[in-house]
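The two complexes that follow have chain A in common; it is paired with chain B in the first and with chain C in the second.
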Partner chain A sequence: MTLGLYTAGDSWLHRLFPITKLIFSLSAIAIIFGGPNKWLSAILPGVISILILWSAGIAWRALKLIVQLLTPIAVILFIVHGFFGPANHQILMRLGPFVLGQEGLMYASLIVVRLVSTLASSLLLVTSTHPGSLIQALEQTGLSRKLVYLLGSPLLLLPQMARRIQTIRSAQQSRGLETQGNLLQRIKALFPLVAPLVFSALVDVEERSLALEVRGFSAPTPKTNLTEIPDTTKQQVLRWGMIVIAVCFLVFEFWRKRNGYD
Partner chain B sequence: MSLKEQLKKDFSTFTLALIAVAIVLNIVIGQIVSLLKLPIFLDSIGTVLVALVAGPWAGGLTGLLTNLIWGLITDPVAAAFAPVAMIIGIAAGLCAKYGLFKKWWGVIISGVIITVALSIIAIPIRVYMFGGITGSGADFITAYLLATGKDLFSAVIITVITDNLLDKIVTAFLAWFIVKGLPKRFISRTPRANAVLE
Partner chain C sequence: MRICAENIHFTYPGNVKVLDNISVTLNPGEKVALIGANGSGKTTFARHLNGLLRPQSGTVWVGDWKTSEHSPAQLAQRVAYVFQNPDEQLFRQRVWDEVAFGPQNLGYSASQVENMVEQALSLMGLTNEANFNPRDLNYSGRKRVSLASALAMQTPVLIFDEPTASLDMKEKKQFSKVLKTLNLENKTTLIISHDMDFVVENVDRIILMYEGKMIHDTSTKHFFKDKELIENSGLVIPQLIRLSQELNHLDLALNVEQFIKERERIITTIKTE
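On to the complex of A and B.
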């Protein structure tokens, strides 16, 4: 298990304070799903995200990830809503017993555009930010140390556990464990693989908690970081700007809906 | 005990270390199960485990963080379902608190309760964000139900429940067995395991 989405680099986007990127992603997602004029709100944040990714030189990779992650959902969305969409009325085509409807296709398109946009704006954060930097930035912004530990520790543990399961698997297979074959065989394979992993991991918990205590984890005194991720006043202003814009859009749309403008 | 004291007890350093390990167990076991191509997920076994020994808040936090971390490192789509994973932990913890994890039939009822609780959160997310589709095998059920004239909302309700019921009952049982199999030394350090053990 690797930290699969992060792409190392030294562009201006990589150097931004992670929280700035996080706020961008969250504001973009809020606008995509709650902004006025649903098509424009769905498309614009995605286009802006792709442009930003492009200027940082990682748009290509982000687009590949979007295609990879969304193709199954998109194909099924078009088939299901195109042919069986509950709102279908305008008939576009007949294929044997199936009828392709316009409303269903439009609905599926809107959902796909929203998902592409959402993914583009979240990839802007995760492909250009090392998970460790994001967590450190959250700590610098004042997230509780306990939560910081809970976000950071699993990232370090994952590769260890992945190696451990590899060891368990080879050991059990050398004793004749079948991990392929019919359903019953595969169910039977589950326990010899999972049980040693779970129990050995849980036994580690005590040691890990002692190690934390010994290093003063729950001591109330402030801790010093070895490195600090730089933030700038400009970015601070930018963050508040993005929050204000997103809130304005949402409030405007709420007001429009309430007064029956749709 | 006031809420603040209870939270302090629930989130001891020991519990924090346990949650971190449980998050990793969720992700790793979820991967093993999908490698073995089993018809269930088991990706919330760590969440339910924490809920049983450390209560609903710790369980909910385990679920929430599992999906956020998953979203951060492999698939941002998983982050959209973080609230669902959180409800699984909260529901399991509440079932344990009210004594449902003492007898085997209570564990089955807990599995059903967890499924109903997660559906309440999962259905709106699936319908409004994903148009009822998630790109998994369960989409065939949704497609079939829509073809028979059901509306999207009811189709997704039925899909989510059929897709999750078996998984959550099996998960509840496995977590229960694990807790029963843990050494006493371990159990004595957890804040709430007494609600599960007789």
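On to the complex of A and C.
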């Protein structure tokens, strides 16, 4: 069974407390978009993430995903900003009636680099953390159970949904529904696929909440977790360190901008 | 219509070999049960018969069609397949319309569709519920709607995955009648089931799957002779069969009526002696 993007493994990254990875991703994203020195802030978190993924042995998969997801977006960005960027001034090349401008190209590159970095630092969390562990870790930090469940269940349900879509498609094909073919056919095929998905999900939710209630999910007593995901003092320090660094960068950049250094 | 699998192999992504060199023929007018432990590959095999899955090597013939050359939607003209969970297919507001979906997809005219739907509804005892919303029926009601949806397609081959799982005794009896009707129409039926009592009473041939292989394939009467083989593959022999096996001078009885008849025959022979 595949659980979203999670790749099972036993590397040091896999064993890290999920919250540590979560804080890393969030700090990285904060720096990518708000750190001083646009280019360095955009590139560095990405490079660090990929090095970490590499040391955990899951860099290839992450890189493949990044390329798959971002290539089409990158192409569009380069074309739109390269040829039609509003700030285009310096001309690099002429292609018939179109001119390729340097400013637009640089701007598109910055966005692409930021996206690559963001994706890499998010994949660091997502590919090495079982969604269930993340939810449990959030709970261990003392967040409300209901809130955690609310936030976490879509994460856990996604793979199940994907499997169910597959089953529904098979069931309807067996009844003669053509799911391939031209656009009109595909649109016509949508309802028989989506309606059972919603219905069976509703049946599920009902059963799930009933099952939770009869087992005392909302009883007002403190809950015990059978297995604790291990956290360490070192990681706690590391987490605070990352938060402090990110906040410092943002504050520094804010201060710089306000004093007109850009 | 004849179904013929020739040396098929299938492995899911992630390298779980699920079908290991399977060759089997299902003949017109045959009621066949496919049994075996969880995960033995029954569903995977069945999905090859209407093209939902294609063998990685080997060939599946449905009549004169190779499944690899037709889409599942095309194969639906020949093979109807009822999935385990009705909630993963019901989508219309009326039972009648739901049952009409298959025949409409197959391109039958309005009057033909009407005929097919009425017939299927009456077979499954749903005539009075024709205007209900399928979602207002209970689970077994929804299950019967999904069975009717397949019957309405009037295909020469029918596959049922766990058809009796949620049915009560009365509904099972009714379904068993439906199978007899299909049999009279010379259809090929394959039933995947864990319900041994139902299987023993309703099919002529049983195929046992074990770890991706068909390890036992014979008539229902002969199936239980090799006790060891059956118990080793994780199956439990139905009580009645065990009883008549223990009283080994009896001819094997597959249902209670046969057992009583058999017993009476023995008693009269003993008395006359």
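The criterion applied here is as follows: the second predicted complex is superposed on the first by the 223 of 262 C-alpha atoms of A that agree within 3 Å, B and C clash if a C-alpha of one lies under 4 Å from a C-alpha of the other, contacts with A are read in each partner's own complex, and residues count from 1 in each chain.
Basically, contacts are C-beta pairs under 8 Å (C-beta built on N, C-alpha and C of every residue); 3 or more make two chains touch, one makes a residue touch a chain.
Since the model is a prediction, treat every value here as computed from it, not as a measurement.
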Which superposed partner A:96 touches (first chain B, second chain C, both, neither): neither
Larger contact residue set on chain A - chain B or chain C: B
Partner chain(s) touched by A:203 [first = chain B, second = chain C, both, neither]: both
Which of chain B and chain C A:260 touches, first, second, both or neither: neither
Partner chain in contact with A:170 - chain B first, chain C second, else both or neither: second
Partner chain in contact with A:142 - chain B first, chain C second, else both or neither: neither
Touched partner set for A:119, first chain B, second chain C, both or neither: first
Touching partner for A:192 - first (chain B), second (chain C), both, neither: second
Residues of chain A at both interfaces, chain B in one complex, chain C in the other: 179, 199, 203
Residue numbers on chain C that touch chain A, as the complex places them: 47, 50, 52, 71-73, 76-77, 79-81, 83, 85, 87-91, 101-102, 105-106, 135, 149-150, 153
Chain A - residues contacting chain B, complex: 1, 3-6, 33, 69-70, 72-73, 76-77, 79-81, 83-86, 107-108, 111, 114-115, 118-119, 122-123, 126, 131, 134, 146, 149-151, 153-155, 157-158, 161-162, 165, 179, 183, 186-187, 189-190, 193-194, 197-199, 201-206, 208-209, 212-213, 217-218
Chain B residues touching chain A - in the complex, by the definition given at the top: 11-14, 16-21, 23-25, 27-29, 31-33, 35-39, 45, 61, 65, 68-69, 71-77, 79, 128-135, 139, 142-143, 146-147, 150-152, 178, 181-183, 185-186, 189
Parts of chain A lying in touch with chain C, wherever the complex brings them together: 164, 167-168, 170-180, 191-192, 195-196, 199-200, 203
